[in-house]
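One chain, subunit A, links the two complexes that follow: it is found with subunit B in the first and with subunit C in the second.
Entry: the complex of A and B
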């Protein structure tokens, strides 16, 4: 069962995502900021990460870079709102594999994950 | 990067490219030469490095691909065959276009940045890579994003990242810069260069993994398929027109979209973006394809003169030290405009100096023996020396070897030969001859014109040459040399020549001359008709062995510079055009003379001697006059005629013509010639020469020698043929500078025309030399 780490500072968003993914057969871990995400990634080695960009303590891009440092093959999908295009570009250049636009379109979330982890 | 940095980069790069181009053409003619190849490698390497430094990745990529080719040739892994030379020359053009785009982009013009980088280097890089390795290939990738894609730039970036996994993305639309600037539409294409062949389906699958990708198509670039077919590799071309691209590249959006179809078409070896042309078809205008089977390798030869245009020796070994020598000369680059301003200021200074000297001379006359203005005399004398030196130095700095111009031509001749199916050996001589920089620019067009004519129309097709018992390969020679204070540039071919009979026919058909009059033209005069406006259009090209295409324009341009153009031709043997232009446009020493109230300047370098002959010895010869000087007949020309005409009086002109018609001895009272008879009864004759010809110029009096600065007379000078321009004298008056070549033509032309016994129809022609 593929494991996915959901990183978001909004508990509501984490809950929505967890429900969607679990319904489709993924095992889910959660983190509420970048720092925690890095820690959880190292601990659990998930197959993919859904990473919010704007978060307190450590933002999503910084976290992405930290994770990539530890695991160059990490599959990170950035989650973003409209208007963050340049941040997304930065994330892609830093090694993010894809991005998803909030609010989530469930089909797109699943399609993206499927491409990365099958 | 400051604009100055960019400027320096561009100047240097364009210089390097010129050298490189010359060497590539030479490579074709001379084959493998390690030192030449090393030099070419070095240039490509330098261009690669400096363009990367200014952040121009496309230039850098293209130069890198060239560098690889040169390295392969240098190491003997690759032979410089014709197709490869085509590719390399196209790559040089590509680099030039990129440089031009950069120049435009940094010009600060409105909209300049939008237009930059439109050059599609993908197909070029593909062709270069395929040259170095049969395995290597370039792949064209077309991507279409879904209509609801939210951030197309991010997707485009992802696609680039995926493609980088397979090879080098040498070019893309949108470019990386566009993507960063977020100028991205829903269509995208890219060229990936891979060192070994890659599986297209694999690339497609990987690109599909990027979200929002609607469609992907990957195809091996057809960049050099045509060329390979031509040299016998024989790849069967697939239909590769853009019509097969399902996404329709024409629908591309964003700033860079418009160039896409051309890029793809170019890669397919066809410049036609509308048809599904296979690569084996005729090359289109925009495609980098080779011209159809024109000539074999070595179609254009080249011989370098060693030293000052002497023997030929071992050209290849002589050239390399010469090349290396370039960098040893210590030079600084000066902005052309700044230098021109300097020249102008120096010219003005010289005029003031002359006026000052004039004032001093008058004061000296007044204050004779008083000793009060000795200082002034010393100062003006010193100043005179300094300004003269200053002028000389400035003029010398303006002198540039014609090589800077001539080295462009081997390439052009080669291309013209290739596209017209001719075999041509191109010989360049005397490229060390120096000429004023301003003039070099000006003579470029006429020479290009004449060379194109010589190759395209003068030289016959190989078949025809063989039929006529000539060597299959024609010969075109471009030579320059100094003659007096002029430079004579000759463009010569051993082609079919110009048939005067056909020129006559054509002139009559075009209504330029009445059928009755045409018979009275000598062959030489008939040939001269090719310089008349309206003589020839493209349709007439073949009627006259292909001459006369715009030659009137060539003549006008050359004459504007105070130059002349002459043609010598022999049917079946070839044609030679000689352009003669002054060494410099600006300053020279002149003999000042006066005639009928007008001052004239005769370039001192043309003056042979000054003599007096009894006026009775000036004999009418036809419509002109001549004297016998030390046993030789010397055509003479009375400057007073010209003075009268340049004063613009219609009556004077009529009177002059009447005078000429009736002979000097019976001249009417108002005739300017009275002036001479009344004055001394002896004519003062300035004997001037041009090349090996001499002419006597009858003048009123001599005023002395002076350094003069030419001022353009504008339209007036064009009306008055025979005048190079005006010069402002010390006292502020204007002297007309005589063009000796013209005066000579006039004096000779007249006797010549009258010698052929024609009247009437020729009246205009005897006149056109000096009138509008």
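Entry: the complex of A and C
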């Protein structure tokens, strides 16, 4: 059962993502900001990360870079409402494997995860 | 955007959009200015600073939470942590979409700060805090140290400040939700936006 780390500061979004992923056979870990995400990533080595960008303490781009430093093969999918081109480029250059724009589209989230981890 | 968020169709109409001076805001917001409301504020950092504010009359906020959470209508009578988080996510989407459109039209890049929920406030007071000079009372920890100090003491508080106000009504079947959507750029940022959109600019027609 592939394990996915959901990173979002909004409890509402974590709840929705968890339900979606568990309904489709994924095991889920949660973090509510970038700093916690880096810590949880190191502790649990998930198969993939679903990462919000706008978060307190440490944003998702910074967390992506920290995780990539520790594991260059980390599979991180950005999932955010911010779709400015320069930010998308920054995320991809930093090693993000996909960039999904909110509002949350369950089919796109599942398709992206399936491609990365099955 | 909300339709996609909950997988059901929601219609949104915008009966009234206007660009107003700060001291005219209360007139635009009419009666809702004096009633307790639920507000979500998103600070902006980057090329453009200021706030995006979404304000709901309380009954509308409660109805929206019921829709987002998939509850029976009338379930929500007070704001739980999860309900507040759902409203914050709506604010986050609204603020981000504004910035995405702005970036597309002008090339200006700005990031939204995490939403702040204000569960018991008056519109007028919330806007007051938002247009106050930065570095003071504006509750926004994410402005990255770029304190706005333009104008000096001779420029009165909030003078010359402008806000874009959109009065929206969201409708899902028979449920209707009123909301006020404010974009309140700081003085400098307003000038930046207008310059980027101005006649000298090749882009930016009809950004708002």
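Note that the second predicted complex is superposed on the first by the 116 of 118 C-alpha atoms of A that agree within 3 Å, B and C clash if a C-alpha of one lies under 4 Å from a C-alpha of the other, contacts with A are read in each partner's own complex, and residues count from 1 in each chain.
As a convention for this text, a contact is a pair of C-beta atoms (placed from the backbone, for glycine too) under 8 Å apart; a residue touches a chain by one contact, two chains touch by 3 or more.
Since the model is a prediction, treat every value here as computed from it, not as a measurement.
K.L.:
Once both complexes are superposed via subunit A, do subunit B and subunit C end up clashing or fitting?
P.N.:
fit
K.L.:
Looking at the overlay, what does A:30 touch: subunit B (first), subunit C (second), both, or neither?
P.N.:
In the superposition, A:30 touches no partner, neither subunit B nor subunit C.
K.L.:
State whether A:93 touches subunit B only (first), subunit C only (second), both chains, or neither.
P.N.:
A:93 sits against subunit B, while subunit C stays out of touch.
K.L.:
By the touch definition at the top of the document, which applies to A:47: first (subunit B), second (subunit C), both, or neither?
P.N.:
neither
K.L.:
Looking at A:108, would you say it contacts subunit B, subunit C, both, or neither? Reply first, second, both or neither.
P.N.:
Touch partner of A:108: subunit B, not subunit C.
K.L.:
Once the structures are superposed on A, label A:85 by its partner contacts, choosing first (subunit B), second (subunit C), both or neither.
P.N.:
both
K.L.:
Identify which of subunit B and subunit C touches the larger number of residues of subunit A.
P.N.:
So, of the two partners, C touches more residues of subunit A.
K.L.:
With the two complexes overlaid on chain A, what is the closest approach of subunit B to subunit C, counting only CA atoms, in Å?
P.N.:
Minimum C-alpha separation, subunit B to subunit C, in the superposed model is 9 Å.
K.L.:
Where on subunit A do the contacts with subunit B and the contacts with subunit C coincide?
P.N.:
On subunit A, the overlap between the subunit B and subunit C contacts is residues 82, 85-86.
K.L.:
Over in the complex, which subunit B residues touch subunit A? Could you list them?
P.N.:
150-151, 153-154, 157-158, 161, 179-180, 182, 209-211
K.L.:
Which part of subunit A faces subunit B closely enough to touch in the complex?
P.N.:
Result: residues 82, 85-86, 88-89, 92-93, 98-99, 101, 108, 111-112, 115 of subunit A touch subunit B.
K.L.:
Considering only the defined contacts, which subunit C positions touch subunit A in the complex?
P.N.:
Subunit C residues touching subunit A: 1-2, 4-5, 7, 68, 81-82, 85-86, 88-89, 92-93, 95-97, 99-100, 103-104, 109, 111-114, 142.
K.L.:
For the complex, give me every residue of subunit A touching subunit C.
P.N.:
Residues in contact with subunit C: 9-13, 15, 54-56, 59, 80-87, 102-106.
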